[in-house]
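As written, the chains take the letters A, B, C, D and E, and residue 1 is the first residue of each chain.
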């Protein structure tokens, strides 16, 4: 919906090349927004006639709310939101997938351990109180960690706790839980704040990063054409970001997110570099595994991950990255 | 009925028939009261404390919506009430209280004049709480007099005034009556005041008009023997014995 | 001088013809009128959903909420959720009301008390509770204690502010009367301050009750395994609109009933007042 | 009978020896006393941080907050954040106050209006705003409009409830007076209802002002690029405790100043009252 | 000073010297007032509306904290005040209003007795708003009389009462005075009432006691020529001319 041009496009039809005048994409993708402006890649969008109305919206719940109200076309998220969108009846398509190069070295989440609690490996989790938030990526991670450690929910105590702000750090510091998944940047802050606090890596890939869009937006011929341009430019933006960590830190982390220079550097160091996969096969398989796990543990319907992606954008993305696509296990 | 038929030739300004009023728990306050007041007639209402004088006034003022009872009442359109409590709006200064609801460009001037007449010149900008009891009562009186009602209902408007101020207010009220000739129903506890001001004095008892006397003195002086006679009669009706009166 | 004793005719005619002035106040109460608003609201909602004006993605239709309600009731122990929420809210509310009323009287009757108590409470009031939760977690853990303290603090504020305001609004003439009668502070509080501040206190209660319920949404994000707030939080994460609306309806119903209860109490406890409302 | 005319001696002795009853009310105002509470609070905070009783992990020390404040000010346009938040809050507050007052008068003066308006507002009041945001997004988008409408709705509620309550608490005798004086509804509202309900309205203002500020925290989570609420949300994500406390202090200061301003207005506008407070 | 020296042998119950009081904008209300009241003495205070009678009573009652002025006041410990407005606590029913602050097991009984004495038996459970003006005033009177003060300050306590009720209340007050012999300062606008009740009548004018007359009538009857003489004198002092008085 949205931009009156509204010629509908079958999901199987080829993506159109020309962007009709007046096409506007409503996108919540703050990091890329900053990168585009810093790198000058936004010119490419303008040249192709793509106008973007940027929304400073990120994360699952808020993007789903905006989708429902038809106030947003696309948003950058991890893998969980597209699953929950499907389970709650909002049809979306993933149009962009990226990975982290060397994902186990640069995980998004680690397990924070409360001061005085001894957890050296995943096996030590038995009998511990673990923060668990069913609808968030952190929750899915906990389930996968348990699966990997060969434990069930009965072997540990799952403490229902939503991850908002620094609630997990506070809960750990107050010894309300023994273990909680923390964002890698927060781990440093946490360990600095609470003497005796430790952390371990999960050894699980959690690097899913997608741009997902309302299916109805992808079915709009004008928007689909614009998205095709955007996906290409976005791939280039990620590669630029890999090359220019300092500029990225300044343009996004400092200027937009309000970090100071030191903290911004910490974050970029922990981020690793993004990779554009040559094919989405592995990513889709991992999405399917997550969907199956959540369906089983949380009682959702079975879901075919294939219906959540629009693979017409797969080659667009890979083509834009050219020789720099990643292949094999890393993808 | 008591009022002489001469008055009933013109339609009465106030006509009350068979008026009953009661407050749930306390039985009847008014029990079939009948009353006529001719246009321009000045009636004083006396009666023991708690006999229903204020209740009657409220009925005539159209304020007894939630009181039980029945009866027929006719009153003129323009009614002005002096309440037993002076009932000044605490959030308005004195002059705005007097001219409250008054229309016309000269409302303020008329308000000032009225205030001067009740002896409160210069207090226009005082808050009600800054006035003495008698001053509040006079503001309330000024508020009623500045309007030109066809019926003036005044519930003990001079109760808190000293002898001299009271005499001045009597004169003021008389002047107003002569000018606009409203029908007046004045509640008072002062029999002398009633005789001095009214054309007729009625006494409320047991929920009806028990006594209704015409005051036809030529000069209203205490030295007139008929004044004393009337006074004695009324006090007697009120239950004040010769012994008490010494 | 003509004087006649009046003999009442005592007719049996009970015709009632009053002069009635145009009423400027709101007039008499309409019985059960407090149901009308909610019913209209429900009707609009149902009509909007039925005609498709309100899309189900935005606001679930009433009938779907009923279905979701049943499902929650049978499969997810909705009753248990409601009861554990109510227990939390009631306990926190009780403590908050007590603390608020005591602080209000202390700060209302002494300028020294006021200068110490009033400022911090106004500041607390201006700061988002959500942002204070980390402090409470540090002090009280993430168990039941923290939740009840948080709710107590939330509901204390309106009680304090309203009671204080009500108290300070008592007509000074009654204090004068009490002074000439020579009673002590205790009796003054009991006979003058509390009844005089009661209208204010009751208005505070109306806010405190809803605040305590709203506080649930905040505290039940933390380590709760039951409760309506917990249910809403979960549903928000999943984006289960219908369950959220079940939660909202429960809040609406409880909030409205509690409010109505306080207002009925108000009417009885303030029977001595003659106001525009009576 | 002995009668003497008294001749005053007119001494110039100005000794003052009064009989003074024990004061039961709060007594005279202490000047600037409203600063004492906040200053004590600050002192306790500073002392706690200096002695290590309040760990920085729980609550950043005041001096670190000052540093963070300076950093935010110079590097991150704190002033811009504050101004854009205040603009949002002020606009929303303005609309909310207007709507609340008008609805309160309509529902306060007519039973029919009350039965339609009052219920839905009480229900709205019982429902968490956070949960209503999806509806507002659907209706008003994710831009400035939605934010202002949300704040307007949040601040409308206390204005409505308090004005309505204040109105209904007006002494019925003043309505009677107005009726006998024969004025219309408009004049009645202007001369009796509004001034009589003013104490209630002003109490409502105190809540509306803080509500509008608190509403920022909620709305600025949605598609905001500036604002104090946005700053707090970001700081929470990155665990920047000191920045969060900067935000809280800003809220505290603004809330307290606004509250104090309303109370000063109150004192001037209600000069006609003689209460325990005067 | 006017009070005869015989009274000053015992220390006075009330002693006021050089009392000044003023409300910022309106100049002085009391301008150096001196007054002594002997224990057990009954003094009536008359004066024009707004001359400062209530202001003086408030000063004696210890209620003028925020009023400007100076002077020396001595009063006994147990003071009871009947305010000009009846000042019933609206949230208390009639009986609790009467016994408010009263200690002792028989407080209720004493309250009931006092209510019966002012003619309000059976109204114990009424709310103040359910009473007529005169009834409210009587409850307020009962509240003062049920205490046994050393000094009774009464500000127009009979203003809203009819002649008979007023006479009954006079008798009641006299009885109380004979029993407990409090010093009494009674504000009234009714010169007859002042003469009938008081040992001394003082008149306030220009902020000082302008007239101070002893009432030494043996039988307090209107028919006593000295009653009339005193009455004429006082009215004259109040500024009521022979002409007005007719």
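To be clear about the criterion, a contact is a pair of C-beta atoms (placed from the backbone, for glycine too) under 8 Å apart; a residue touches a chain by one contact, two chains touch by 3 or more.
By chain, UniProt protein names: B, E = Aliphatic sulfonates import ATP-binding protein SsuB; C, D = ABC transporter permease.
Owing to the predicted nature of the structure, the values given are computational and were not obtained by experimental measurement.
S.K.: Counting hops between chains that touch, how far apart are chain B and chain D (ABC transporter permease)?
M.R.: 1
S.K.: Please give the intersection of the contact partners of chain D (ABC transporter permease) with those of chain E.
M.R.: Both-contact set = B, C.
S.K.: What is the chain whose Cα centroid lies farthest from the Cα centroid of chain B?
M.R.: Measuring from the centre of chain B, the most distant chain centre belongs to A.
S.K.: Relative to chain E, which chain has the most distant C-alpha mean position?
M.R.: Comparing chain centres, A lies farthest from chain E.
S.K.: Give, as an integer number of Å, the spacing between the C-alpha centres of chain E and chain A.
M.R.: Centre separation, chain A to chain E: 86 Å.
S.K.: Counting only Cα atoms for the centres, state how far chain A is from chain D (ABC transporter permease) in Å.
M.R.: Their C-alpha centroids are separated by 41 Å.
S.K.: From the C-alpha centre of chain A to that of chain C (ABC transporter permease), how far is it in Å?
M.R.: Taking the average C-alpha coordinate of chain A and of chain C (ABC transporter permease), the gap between them is 43 Å.
S.K.: Centroid from C-alpha atoms only, then distance chain C (ABC transporter permease) to chain E, rounded to Å. What do you get?
M.R.: Between these chains, centre-to-centre, one finds 47 Å.
S.K.: Can you list every residue of chain E that touches 2 or more other chains, as numbers and ranges?
M.R.: 61-63, 85
S.K.: Return the residues of chain A touching two or more other chains; collapse runs of consecutive numbers into ranges.
M.R.: Expected reply: 65, 68-69, 164-166, 173.
S.K.: Where in chain C (ABC transporter permease) do residues touch two or more of the other chains?
M.R.: Correct list: 21, 23, 28, 58, 134, 138, 173, 178-180, 182-183, 192, 236, 241, 273-274.
S.K.: Provide the full list of chain pairs in touch.
M.R.: Applying the touch rule to all chain pairs gives A-C, A-D, B-C, B-D, B-E, C-D, C-E, D-E.
S.K.: Hey, which residues of chain E end up touching chain D (ABC transporter permease) in the complex?
M.R.: So the residues of chain E touching chain D (ABC transporter permease) come out as 1-2, 4, 18, 20, 31-34, 59-66, 69-75, 208-217, 226, 229-230, 233.
S.K.: Going by the contact rule at the top, pick out the chain A residues touching chain C (ABC transporter permease) in the complex.
M.R.: Residue positions touching the partner: 60-61, 64-65, 68-69, 84-85, 87-90, 133-136, 159-162, 164-167, 170-171, 173-174, 176-177.
S.K.: Show me the residue ranges of chain C (ABC transporter permease) that touch chain D (ABC transporter permease) in the complex, using the header's touch definition.
M.R.: Result: residues 21-30, 33-38, 40-41, 55, 58-59, 108-112, 114-120, 122-123, 125-128, 130-132, 134-135, 138-139, 158, 161-162, 165, 167-173, 175, 178-180, 182-183, 185, 188, 192, 199, 203, 206-207, 210, 213-214, 217, 232, 236, 241, 244, 247-248, 251-252, 254-256, 258-260, 273-278 of chain C (ABC transporter permease) touch chain D (ABC transporter permease).
S.K.: Touching residues of chain B toward chain E in the complex: what are they?
M.R.: 23, 46-50, 53-54, 84-85, 119, 130-135, 138, 155-156, 159-167, 189, 191, 219-223, 235, 238-240, 244-246
S.K.: Looking at the complex, which residues from chain B come into contact with chain D (ABC transporter permease)?
M.R.: Within the complex, chain B contacts chain D (ABC transporter permease) at residues 61-63, 78-81, 83, 85, 87, 89-92, 100-101, 127-129, 147.
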